[in-house]
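Next, two complexes with chain A in common: one pairs it with chain B, the other with chain C.
Take a look at the complex of A and B:
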């Protein structure tokens, strides 16, 4: 890859402008309602975090180069240029103060999909050399080692041995022609090893054929977060190669939000062709097993539980009812947060914000929106299905001395399986 | 053009034709600028359709979700009031309908003049409120550019001049009417080159929004 430069940045922004972007910028009336959907604005009160303003570099390229009137204005020197200094200033706005949660996209009265454009604008930031250090590090590690945290197969192998000894089951590795290739996230392997054990037990219970792949176990995609199609495509291609090599029918994205967006929605477009397999989030697979009567459970959680919908899963992918079906299966005292499903509030850590140390203060500020939602229903525990959300909820609740443990839905389900 | 009658004839004649031509060509250019860009093919397996959800969002996005209404009741209410009032004044005032009928041959029933008059008065007050809100609200003030204030003026002028002409508050009448028509012409001329294009493009934007989310199985 050539060195980043303002010219490459501008070229990347130009390449991202399509009919929806032109329709969106043509329609913005500066009403500012997007700010009312943004945890970063609402919890800091600083109007510079108004979502549509974060798109100013992309908007300027559109106006100056893609509209007749803008070209005339640019010719007369009336339309400001996109400079290196502007992009440097916007780095904080496009990365530190945006999780690409997409809530503004659902609220904008003229219908602007702002999150769609933030994702695009980040391409220009990477190409011009204005991405945060933390994300660059994660992306480099992901390309070089296969994991954004630099985690290697031998670490996972240790986990696999633990799971095998505690369950008495065999964790299938590199088994061809099975139904599902299971992907994981490094954060899950390090912070939440109970996920892999839960999968092993549930799939054994339901008689599902599955495997891990030594070629590729990582589902997350630092390229999608940082905004580099090249890196994103490289990472997706590894998953496709592993799935094709093992001739699996389906690939399962783990309890992670952005991995699902990356593999399910962006992946085929990154590599420029449809997949020869289907992609599901683990929650979709579990709900399908439930609907088919293949999950036999006993007993229910009796404490007051509430649910955090990961943005990438609910608002951005339509997986909303599935987790509620599963909650009903194993919880008798489940209460939804007031604004949930497609209107849920982001935890504040997604979209690369949690990998960007510089954004720590903003990330903690944005969490206050989620905290207020949780306080309103007073659950005894929170349930979620994304390792990044879960870590953010755990850290945030601890910071505010709120004694509310956070559990993953998959592992909670595994605890209620009928013993064979 | 010191003669009010000559002024009126000019704004109703050559100036009107120019304004319509600039509006029509400018809007066409703007729409072409959007649609000719197209979209890249999408290879991801869809979870839902595009057309249905897109069209639904075109309609449903007119109504704010309950949370947004709670957080920004002024924007939602006053925004609705002045848009509806503006449309009543524009499309349901009988002389306007007669003009449109003469131009394109399509007509519809209007509202009694006192009703349109009241709607116009409410709209004027609401528009002044939006201006004060724009000047005072931290987000709006931070977002606002010269264009935002220009567009507020361009939107306010046809209403206020129409209101003054109808009530014979400025005279002579040919001058008052001429100023109103000129204000409407300025609106038409400015429309394709400013955020006033949202009158058309907001429906396109909403469709794309609904289609992008709809394909992923979410009704936006």
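Take a look at the complex of A and C:
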């Protein structure tokens, strides 16, 4: 078995250069608008965090090997090589200072999808041995144990028993031919077990057939975060196998942003074929139930609430109105942050940053942008629908001594269901 | 002897008023970019000036330059100025002919050796050309120029042929024509190009020499900056139409009748440096652009070979449809080949990629 090496890294980068990448690099006009869209640049003021600069290793490979002029320059020794030292220097830029939130992609005036290229550049970092330790650990655990946090089914089983005893309901496990296969994130199982309880209550209330699977209960994808399409495909394949085995019609991605984009958008490309089922985010399912009149609620929250849109859900997947419809159902004093929906600001923790301990300082710095947004609106509580965002908001607000609790939308909804 | 009289005396003899003379001096001052306060000084200097001896050699030329000079508006102060210079040899204007004429030239040269002004119009067959293409009294132009040059104070090359080679030098240049400055290396040369030059520019240069006793400030083409410092385009009265993008597209369209810019009809005003736009012709009556004709750029070097007179300086290339299709087809083939090559490289890259396994990652931890 060979070691990860610069040669393998370069091979991986070469394999990532496709027509969009070539078009993006050729059309960059060096306007710097991506920097103005990046919380890591804005909150540190360090120009090295300019998003397009984070792509320098990939850009150099493209220029040296895929452009005529670059090949001439490389032949004359005028174009610097991509070296191991360069990749080592860029590790911080590609992992610690980017959540792949996609705000830079959104504002780029020539339409360059920068976060798509960050995702690709990380492939080369993994193959050359420059991935952060925290992410390597998460990826190894995800493949070996089925959970990036090393959780096993028996841990979930304990939570299931808690939910069953507190609700008096049965949590269905490995039930075939139902409508929905519910997937969870390990963080929800450990930190926010109320999510599972809320699902059990809502689906019982609406009469929805659902199940968990002992083969695959985790939807997060450490392969997408670290930048290994092989590991990412392995993890997606597990979900597909479990869903096919139980012959479910739909798969529900948990309240986790990147888990949703991984299984919803990247998944079929990773495994190379279409799914025999649909994938929805829990918020999409709940809003569909609301629209169908299957959610009957009573009472409303009276305190001032605001909403944090997860990047993966709102900007990258277009799920924006759904959560607002649900808020209107249960909250009477809801106010949006100034920039929300497509233009929301990242919490600073996604895309693997929160699994990477080395990035803690940067993660906290990037949060300041969100904090300023929240301060401008002065809500009494924040609502969100992503376990990573929620953890980041809770930690960040606590650090700045802001007494603003953070709640999950699904749980809040479950509290207002009409009792049978 | 007439030569002993001053210019002032001769002008008064000819009935030119003091007022008219001062007006001429003021115009000359402004032409030479001098402040108006210099006009009396010019007048005083000109009045005192002795007639300088001028020897005018005409080589490969059309006499247009002489026509321009002598047919300037009348009665003119310019031609009086010319009249008062001692034009000791000019084979179009002098009364003498044949051997007597050539003798007059030789005598003038001897009498004013080292002081006379040598004016040349027309180009001349160069040292390596057949001298027989242009001779006067059996003397080749080159030989005559070299003889006259030896005793000259300075040389004034009048007209584009003398200054830059002009029409005789135009491709294919059958007579091997060269300009005066191609031959003269050891004497000051002033180029007064134009086909023909504006008359007042000719007399203005002479006046400056008479007043200040020195040659005017020249640009890199040895043209007096006072007259050739600005592009026609920059002083053209049609310039506002250019700035607004209003162009005549043909010689009889509405734009042409409305007096719009002639740029698209081939006007070379933007690249031509001359005084036509400010001094105009025929006593300030009009000038080519005002008459509706685009500037030909006649005072610029090689203007005959600079493309069609009616072709605009810079317009989109005229390419026919078939050529565009052919170029497109070639581009498509080249592009297709490049795409195929790149695809192969990418496929090879994908095959060369070694996926990193979890075991490998674990080892690194």
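The rule we apply is simple: the second predicted complex is superposed on the first by the 418 of 420 C-alpha atoms of A that agree within 3 Å, B and C clash if a C-alpha of one lies under 4 Å from a C-alpha of the other, contacts with A are read in each partner's own complex, and residues count from 1 in each chain.
Convention: a contact is a pair of C-beta atoms (placed from the backbone, for glycine too) under 8 Å apart; a residue touches a chain by one contact, two chains touch by 3 or more.
Given the structure is predicted, the values throughout are model-derived calculations rather than measurements.
Student: One more residue to check, A:53. First (chain B), second (chain C), both or neither?
Tutor: first
Student: Applying the document's definition of touching, compare chain B and chain C: which contacts more of chain A?
Tutor: Touching more of chain A: B.
Student: Between chain B (first) and chain C (second), which does A:17 come into contact with in this model arrangement: first, second, both, or neither?
Tutor: Both partners, chain B and chain C.
Student: Taking the superposition as given, does A:74 touch the first partner, chain B, the second, chain C, both, or neither?
Tutor: Touch status of A:74: no partner.
Student: Return first, second, both or neither, reflecting whether A:33 touches chain B, chain C, both chains, or no partner chain.
Tutor: Only chain B; A:33 stays clear of chain C.
Student: Go through the superposed model and pick first if A:377 touches only chain B, second if only chain C, both, or neither.
Tutor: A:377 sits against neither chain B nor chain C.
Student: Report for A:139: first if it touches chain B alone, second if chain C alone, otherwise both or neither.
Tutor: A:139 contacts chain C only, not chain B.
Student: Quick one: classify A:66 as touching chain B (first), chain C (second), both or neither.
Tutor: After superposition on chain A, A:66 lies in contact with both partners, chain B and chain C.
Student: Quick one: is A:41 in contact with chain B, with chain C, with both, or with neither? Answer first, second, both or neither.
Tutor: first
Student: Have a look at where A:275 lands relative to chain B and chain C in the superposition and call it first, second, both or neither.
Tutor: Touch partner of A:275: chain B, not chain C.
Student: Counting contacts the way the document defines them, which residues of chain A are shared by the two interfaces, the one with chain B and the one with chain C?
Tutor: 17-18, 66
Student: Which part of chain A faces chain C closely enough to touch in the complex?
Tutor: Of all residues in chain A, those touching chain C are 1-4, 8, 11-12, 14-15, 17-18, 65-66, 126-127, 129, 131, 133, 136-137, 139-140, 143-144, 228, 230-231.
Student: Okay, in this complex, where on chain A does chain B touch?
Tutor: Spelled out, the residues of chain A in touch with chain B are 17-24, 26-33, 35-37, 41-42, 45, 47-48, 50, 52-53, 66-69, 105-113, 116, 264-269, 272-275, 278-279, 315-319, 339, 342-343.
Student: Spell out the residues on chain B that touch chain A in their complex, using ranges where they run on.
Tutor: So the residues of chain B in touch with chain A come to 29-30, 33-45, 47-48, 57-58, 61-62, 64-65, 67-68, 71-72, 75, 79, 137-145, 148, 192-193, 195, 197-198, 201-210, 212-213, 216-220.
Student: Hey, which residues of chain C end up touching chain A in the complex?
Tutor: Spelled out, the residues of chain C in touch with chain A are 342, 345-346, 349-350, 352-362, 364-365.
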